[in-house]
Amino acid sequence: MVGGGRGAFIGGVHRMAAALDQQIELVCGAFSSDAVRSRQSGEDLYLDPSRVYGDYEEMIRTEAALPEDVRMDFVTIVTPNHMHYAPANMALEHGFHVVCDKPLCFDLQEARDLVETVYRTGLLFALTHNYTGYPMVKQAREMIADGVLGEIRKVVVEYPQGWLSTRVEATEQKQAAWRTDPKRSGIAGAMGDIGTHAENLAEYITGLKIDAICADISAIVEGRRLDDDGNVLLRFDNGARGILHASQIAAGEENDLNIRVYGEKAGLEWHQMEPNTLEVKYQEAPRKIYRTGVGDLYPSTVAATRVPAGHPEGYLEAFANIYKNFAKCLQARIDGTDVDPLYEDFPSVEDGLRGMEFIYKVIESGQSDQKWIKM
Amino acid sequence: MVGGGRGAFIGGVHRMAAALDQQIELVCGAFSSDAVRSRQSGEDLYLDPSRVYGDYEEMIRTEAALPEDVRMDFVTIVTPNHMHYAPANMALEHGFHVVCDKPLCFDLQEARDLVETVYRTGLLFALTHNYTGYPMVKQAREMIADGVLGEIRKVVVEYPQGWLSTRVEATEQKQAAWRTDPKRSGIAGAMGDIGTHAENLAEYITGLKIDAICADISAIVEGRRLDDDGNVLLRFDNGARGILHASQIAAGEENDLNIRVYGEKAGLEWHQMEPNTLEVKYQEAPRKIYRTGVGDLYPSTVAATRVPAGHPEGYLEAFANIYKNFAKCLQARIDGTDVDPLYEDFPSVEDGLRGMEFIYKVIESGQSDQKWIKM
Amino acid sequence: MVGGGRGAFIGGVHRMAAALDQQIELVCGAFSSDAVRSRQSGEDLYLDPSRVYGDYEEMIRTEAALPEDVRMDFVTIVTPNHMHYAPANMALEHGFHVVCDKPLCFDLQEARDLVETVYRTGLLFALTHNYTGYPMVKQAREMIADGVLGEIRKVVVEYPQGWLSTRVEATEQKQAAWRTDPKRSGIAGAMGDIGTHAENLAEYITGLKIDAICADISAIVEGRRLDDDGNVLLRFDNGARGILHASQIAAGEENDLNIRVYGEKAGLEWHQMEPNTLEVKYQEAPRKIYRTGVGDLYPSTVAATRVPAGHPEGYLEAFANIYKNFAKCLQARIDGTDVDPLYEDFPSVEDGLRGMEFIYKVIESGQSDQKWIKM
Amino acid sequence: MVGGGRGAFIGGVHRMAAALDQQIELVCGAFSSDAVRSRQSGEDLYLDPSRVYGDYEEMIRTEAALPEDVRMDFVTIVTPNHMHYAPANMALEHGFHVVCDKPLCFDLQEARDLVETVYRTGLLFALTHNYTGYPMVKQAREMIADGVLGEIRKVVVEYPQGWLSTRVEATEQKQAAWRTDPKRSGIAGAMGDIGTHAENLAEYITGLKIDAICADISAIVEGRRLDDDGNVLLRFDNGARGILHASQIAAGEENDLNIRVYGEKAGLEWHQMEPNTLEVKYQEAPRKIYRTGVGDLYPSTVAATRVPAGHPEGYLEAFANIYKNFAKCLQARIDGTDVDPLYEDFPSVEDGLRGMEFIYKVIESGQSDQKWIKM
């Protein structure tokens, strides 16, 4: 693991998600750019001190030199955006598979380079767009692919949060500080942090691609250096219309990623905060409430489910589904066997590049007087 | 009453809304352009046959000639859009107050003329933007005016319906037929029929004015002549951002007008389909659920409530609140007394003009390559 | 109308419910045992002063002497429980049909007498167990009768309110005062006021009869003279098990009458506070959400619906459905025609007797050490 | 671990719950009474084959003989009810701490013996009444203890499931088979399996003790040998009234454990299927929605939370909270340090005995003609 030392947030999430299914063991880490903090974090995690490193370069070099059955199998990168590319690239170049937090990198050039490196090395790469790991997201995707909704006409995807309603980055809040800092976050704030999740979810569920956008992007809180609110009109490659909005100043909202998709025949709705429910809406018949674990669901839905119906599966379980699928593919690589395509379902480096392109276009549109910008 | 004969929808709604509080009695009508149908409708309503007229001109002329204590006090107009202006104007010119269904008229010129006539005659005019009649809409408006949310930053107002998901206007469906016909509906379909409700609700609740819009307006169903879907970016006069979307092809949606408003200090959310609940959201404290009839609410909320908490008040009650307030003002006019300002709270002819301007701007924006159009 | 003068609650509800569909006109009343108050109430209601009476006896006698086409068609009784029997009986004996608020009367003997009088006179009698007037209650009843749930196994019916959580009867609260006074309410408080609604709803929806009960009945608030909370085990005549609980000290609850019914094949759930939704639950398939106005519903559901889907119909509309059906039957009587059996669907004097028996048995059980009491 | 081999359900849940926080490592197991199946299960879990045992006796004896820093620290027992006592008792007698699935054992005598053994050995014992592990359950408990609701007057606790609506035990369904078998489950079916969870939740949240019960207990499905439905009137030691019902034949219900508590001043409501929400209801003020991670919550709530607000925490996280607290106490034992009382919050062997007493009393009451049975 690179990053995720004491005081970090997402590093702990990755560790819980990876541990849940007992297929992955944390064996080493460079948890902080501060060597003392890295060492302390290693102790917290009961790691062998000899495998707690002062920086990612030391970690990758040293681990690469260990015997194959001892050294780490893959690297997880949980640092801020500006620190994704270098360790990811170096890990790949040394033959390690990679799991990387989103967005893929700091800028578009890094993203393109990384795609090239992944292609060239042929190694596994997973991007943790974790929200697509929920069982009911997979159910929605499969139902749409199966034509239950008919041709898609309209998509509304929202991601409201309120935690940046005040200038928390001016306090000690570490999570706010880097996310609002152009040097660490990149050209976008909210649109990079959560807008990309919304974009990824919409394209994952519908199977469509956003073709053109028209964005109103704002930094609402006085003194903030990156956007904290974005409202975007969408046109999809099949002609469907859409809306994407993401905000971190929607006071009182927690983390309400949600999506509605309307087709010729029916609509559907899913909310991350009640993730085990998928509502399918018909014009002239009762709505149907699909629930995790109830009735005849698609194999990919079932594969993403751990406990019986009515035992709520949450954020960590969805996150763990990415690790589980990645681990299955990795195990197959190690064993030299084929893997069930069910398990190849995790966000890829191409999804990461797509997200970076979305970030660039949405910021460009926000600054433009031109109505529509092509993706 | 003008319009609302057999087979009509909104006429019956107006009659139930007007009857509920027993302050208004239907005394005459020109229910249809077909004199036979008008007469039959009058019979259905137990009216004196001598006061069931073949057309609105006959009605207004004849009633105006009746003794003051016999003739109608006001005219309600419930015809399709292209038939609002003429009877409204004639009624005003003959000294009758008017209640008119929305949108105000067929085109912008008619709207401006009507405002002028109302001003000149000094008569009462109510436009039935009925959704602002709900108690919790009034509560929301008062809370925002009181500063509970702080300065408003973002508004999301939605009005999804699905009933025009197929080309029902090609069937016998009378409601669909005129609403999708440019000759009867005007330049807009969904944006006139329901988009204006959303616009009116957003401005009513926030007390802000929409200052600029950027719209993507579509006729999604093949062969449809007017828009059935619209997605609009908004900027308000205080700098707040917003989104308005309205659709009649959101398959499986019933009539889900709803609004979320976010300020510096808190957010709020209201849904027409669960109208007795108003959710107020705080960033660092439990949400509060305001409910019709519970606790210490504003006088305008209380005035709009008929039964105790937990006895759901619905669409007809909200509609009736417009009639109730109109009747209170009318009674005061007749009695020559002052009226409690509480009762002056119903949509006006200016709100109607505002709605017509919105329709024109949103259709213009939909056809334009220019990003922002000023209201 | 008998009762319902200034300061009363349910009288105004009856008047709004009766007015909504414009089939019923209020022509006379004895609104209060205080003749001055009665007269003032009559003025509020724009009644002819000569038909505002000082007491019900005067009203019935005088109206009976009026010409047939002038005199009232039926009497509505909206007084406290101890004042139901006498005016109802006298009205029937003078040939007037009756609508009466629930519970039927003050005691069981009165109830039996009234049933006898109704049978003997052959007149129409409606009891306003208004909650069965909701469209989705009718849908539930029809689905169960149709076997959608299979044989019924379990019923849970609840009626929690919180308004008597403190000793409000010690204040000026008129509604609380008579409801907690054995001289006016009868032997039961909450169980008579709302427990009977729950009993009526359960038997109406399921088509079953409660066969035996085991009750824990309490007066929780210090100094209260009648029960304010009751929890009852039920056995139905087909062997189904059940629970009924009703409370007026469930602090924070508004008026949450609700029911769940489980059969061999499926379950269903309905809540009065969200009355337009009926949830049908399957063990191995998605739940279905039936909604007022959506899709293919039973004729009795459709007949109880006034506006399109998504336009919420509430308490007054459900109440008005009882008046509407009663008026249809009354009109047929007057016209000497047959009435569509759809409209014969309103609570009867027998339902009222059933409710009185329930009150007596549940109070008896509450005082008994015997586990099961037969109905 | 004892039990939890291939085909088992709850064993896997325990392993995920124990793994999540990375404080507990599975080192050995006797996963099945079938030695081959036990060995295979050990392989699935990447265990050292020398520590996969053919039965629990071999495991406990062998592990006890290993050096202190190698041998297991505690035993988790995840077998059917009739196989709890023997391994738990033997583990304790050999000096191992114990985590045991609920209910505590097969019969009341075993339960009493086990309490005695735990007292005598002074070892740690946790019973996995996992539903009390949810953050909002802890919040509810603390609010009630703090007097937010005032004196408690009424408790309604429900646990409806539908999965035994048909005679699934007659199929190959392993979970149904042992739960409906008196030889493996004990004297109770649903009341032991889920009724005890409801009893435990009610007493945990309110801090009250059930004092007397009156139960209607049924085996509804033809041919079933143990109860599948139970409805119980409750009286608590402070005089509060209550209802507990649990069912496994509530067709269409998933796993809807829920509770409502009403006090003099307010009420509260919590549902396991939406576990991150706690609703607090006031009679004359807006309801408050407490949410995991939002605002100023009690330390025990915060300690039971892993991710920020709006990232749903589910069943496995709540289950893991029992393991986390147990591990903290165990670590303190090992280290010889004091433990923060926050972490002593997990169900104990006394809670297990209480649950067994409840099972016995509720079955006794179900068979009795006596109305109230004292606990």
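Every chain is named by a letter (A, B, C and D) in the order it is written, and numbering of its residues begins at 1.
One rule holds for everything that comes next: a residue touches a chain if its C-beta (ideal position, glycine included) is under 8 Å from a C-beta of that chain, and two chains touch if they have at least 3 such contacts.
Only a predicted model underlies this, so the values are computations on that prediction, with no experimental measurement involved.
Among the remaining chains, those touching chain A as well as chain B are C, D. Distances between chain centres, each the mean of the C-alpha atoms, put C farthest from chain A. One inter-chain figure worth recording: chain C and chain D are separated by 43 Å, centre to centre, where each centre is the mean of the chain's CA atoms.
The distance from the centre of chain A to the centre of chain D, each centre being the mean of the chain's C-alpha atoms, comes to 34 Å.
Mean C-alpha position of chain A lies 55 Å from that of chain C. Shown for chain A are the residues that touch two or more other chains, namely 163, 253, 280, 282, 287, 291, 294. Only residues 9, 12-13, 15-16, 19-22, 26, 45-46, 161, 163, 253-256, 272-275, 291, 293-294, 306-317 of chain A touch chain D when the two sit together in their complex.
Chain D meets chain B in the complex at residues 280, 282, 284-291, 294-296. Interface residues of chain D, counted against chain C in their complex, comprise 149, 153-154, 156, 158, 160, 162-163, 165-166, 214, 216, 218, 220, 229, 231, 233, 235, 241-243, 245, 247, 249-253, 260, 262-267, 280-283, 287, 368-372.
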